[in-house]
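Structure provided below as structure tokens; questions to follow.
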Amino acid sequence: MPRPDRRENDQIRALHSILGLLNRVDGSAQFSAGSTSVYCGVYGPVDVKVYDEKLDRAVIEVKFRPAAGVSGTKDRWVESAVRGTFEREILAQMHPRTLIQINIQAREDDGSADAAAINATTMALVDAGVPLRDMVAAASCAVLADGAAVVDPTLEEAAAAQSVHTFAFAGSDIGRAGSGGASGSTSPVYVDSRGDFSVADYDRCYDLCLRSAQRVLAFMRTAIEGKIAKESQISVV
Amino acid sequence: MAETKVVLPGDIIDTSLDSDEEESSVLRLGPGVAQIDEQVSAVAAGVLHSDNEKKQWWVVSNKRRYVPAEGEPVVGVVVARHGEGYRVDIGSAQGALLPLLAFEGATKRNKPNLAVGTVVYARVAVANSVMDPEIECYNSHTGKSEGYGELAGGFMFKCSLGLARRLIDSKAPVLNALGSGIPFEVAVGLNGRVWINTEAPATTVLIANAIKNSEFLDAKQCRQMVKELLEKQ
Amino acid sequence: MDMDDTSEQQQVAFAMHTFERIHHTEFQRRFLSQNTRHDGRAFSQFRATHVTKGTVSTAQGSSTVRIGNTTVVCGIKAEVSEPDVKTPNEGYLVTNVELSPMCSARFRPGAPSDEAQVASEHIHRLFGKAVDLATLCIESGQAVWSLSADIVCLKYDGNILDTAILALVAALEDLRLPEAQLDSATGVVSADRTIARQLTLRKRLFPATFALVDTYLVADADDAEEQLATTSVLVVLDDSGRLANIWKRGACPVSNETIHQCIESAVERAETISKTL
């Protein structure tokens, strides 16, 4: 069955990003996949409240605001997912007694917004120059009623799907998988598979998401390298 | 030897040396490079630089948030006065401490008195992860002011740390081009703050704009931009 | 001789207690490196699980679930309300997990902590598909049942998600809804308490949580172990053996093989709990 937007089943939507679009934060990014679009602004390392202060590492705080309506429990859930994903990747021990604050604002949610939030966060953290162990790329996949697995589902597809799967991988892991390694040797940083599915469905989505994440990572690389080349032309040339 | 390789966080840096020295030799990892697990990898996005002679690797990246490093010149604003010193905002996570006597020739009886809001040009004296940063308005090794001290009058604005680093170079094209056209005073802090002083406010605005505009321009474009701005004046 | 013996024993006991207090991480690691856990369980062993249904007489459905020392009470209150315009035939299921200072010193009084909100939200998402909300309809577009499930933790000793999910499954199975009718003339809903209708769950959910402590994968971590674990994997299965949820969160990456291991363990666990429930 063809997809409503005539995409191939393993085809992600067109990606678009802007780095450093907000001028009052330390680092920012907009990440869009089709009409799903997320802003992320990062402050850090900044001063932390004495109550929260950790003596051996930076505190990581994530705030998520939805595209419309008031912030609620749903958003706390996304915040906890993003915080968990980046807790190890941010080298928090390099900036003890400080705060790294990640602010995410959904602009439009047309499916796979969790993955977009993670991708936007990676780009904003890189833009802010927060020390990172690795970049993280996320992708979603849905198993439809007819059993077909489609990547980067839209809101419509996700609502009608049997199950929806979101995975995030560290860059080096994706690199290893790309160089001929089987997906069995990769280790996702974040997994959220929900609905009604079998282990085979899970494995199928895992592979599809890994391949999509590979494409997302390549896209982010190009975008960031482009910005660095533009900025440093004087010191390079 | 300069290389122009762009690296991103997580990229593994090949630290094997061209020369056939023993492997146990010490590697020096600068900003943006760290040892993760068993490998040396980039932790920030930027241009990788290396010096094979000194076995040094570092990444030049552009940031907006300042993390103090010892010996760097900074431009700060006095935000409070305590018994033992001033609290100065230099854009880092914690405010920096400027001791009352950290000025050239200052004694207990004769020391400068800075009001809240004063802009100072200082040098980072203490910067580590455990203590709040400390700055001084003289070089404590020589006892001379070396240009540090209160910046009276003028205008201060912020820019990216990458631009500040390029401006502090005496060959910075935008400053040289401006300098050949109009007289002005400038103090560049590596914390991404630039202070300028001229005779007329209009000139101050012109210079501030020229510096901000130069962020993405190369030397030739800088000269062209400054030329156009000066003609318009 | 006797005196010496007891004093020495006391000293040993004291040293171990002190060791646990002053170096919690190392204390736990010593056990794990010996392939055991501080409470004597094997890595893949869950704590004793007890489920009692109908523990709150004032609620329409209730349960008490204990996993080891973690105790939660779940009560479901059914109220009549107007349906959402977008879904005129569907009722509501509202979940709320309460982690108050009563159950552990880790929690503070006041607004629900992030942890409690995340648990509430996750459970809400899980049960969205387990309960057929259309069966909660009294009169399309006019009146539906709104079920508010309050999951209150009485004693917190880790693994709140498993306990809360089991408690909600048990409480939903215990739920008896009176037969209700809407009087179209007056617009009043009248309920006949003598005819009680049971809610049929689309699927029963069997959760299993695994935590990664250092490099060791342990099932059903208690509070002491949870404090060291930065990463957890929740696997939820339904009664037909299909998966309902895999949720890996936290800092450390978990290999795909490990996730498959978790699924296998969860299948075994589901078989055991389905007998208790």
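Read from first to last, the chains carry the letters A, B and C; within each, the first residue is number 1.
In the analysis below, a contact is a pair of C-beta atoms (placed from the backbone, for glycine too) under 8 Å apart; a residue touches a chain by one contact, two chains touch by 3 or more.
All values reported here derive from a predicted model rather than from experimental measurement.
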Shortest chain-hopping distance from subunit B out to subunit C: 2
Reference subunit C; chain at largest CA-centroid distance: B
Chain nearest the overall C-alpha centroid of the shown protein atoms: A
Where subunit B and subunit C are represented by their mean Cα positions, the distance between them in whole Å: 53
Centroid distance [mean C-alpha coordinates] between subunit B and subunit A, Å: 32
Centroid distance [mean C-alpha coordinates] between subunit C and subunit A, Å: 28
Residues within subunit A bordering two or more other chains: 170
Residue numbers on subunit A that touch subunit C, as the complex places them: 73-74, 76-77, 79-81, 84-85, 87-88, 163, 169-170, 173, 183-199, 201-202, 206
In the complex, subunit B residues that touch subunit A: 4, 6, 8-10, 12, 32, 34, 36, 41, 43-47, 60-65, 67, 93-95, 129-130, 162, 166, 173, 215-219
Residue ranges of subunit A touching subunit B (in the complex, touch as defined): 25-27, 43-48, 91, 94-99, 126-129, 131-135, 170-172, 221, 224-225, 228-237
For the subunit C and subunit A complex, residues of the former touching the latter: 114, 117-118, 120-122, 124-126, 129, 203, 230-231, 233, 238, 242-260, 263
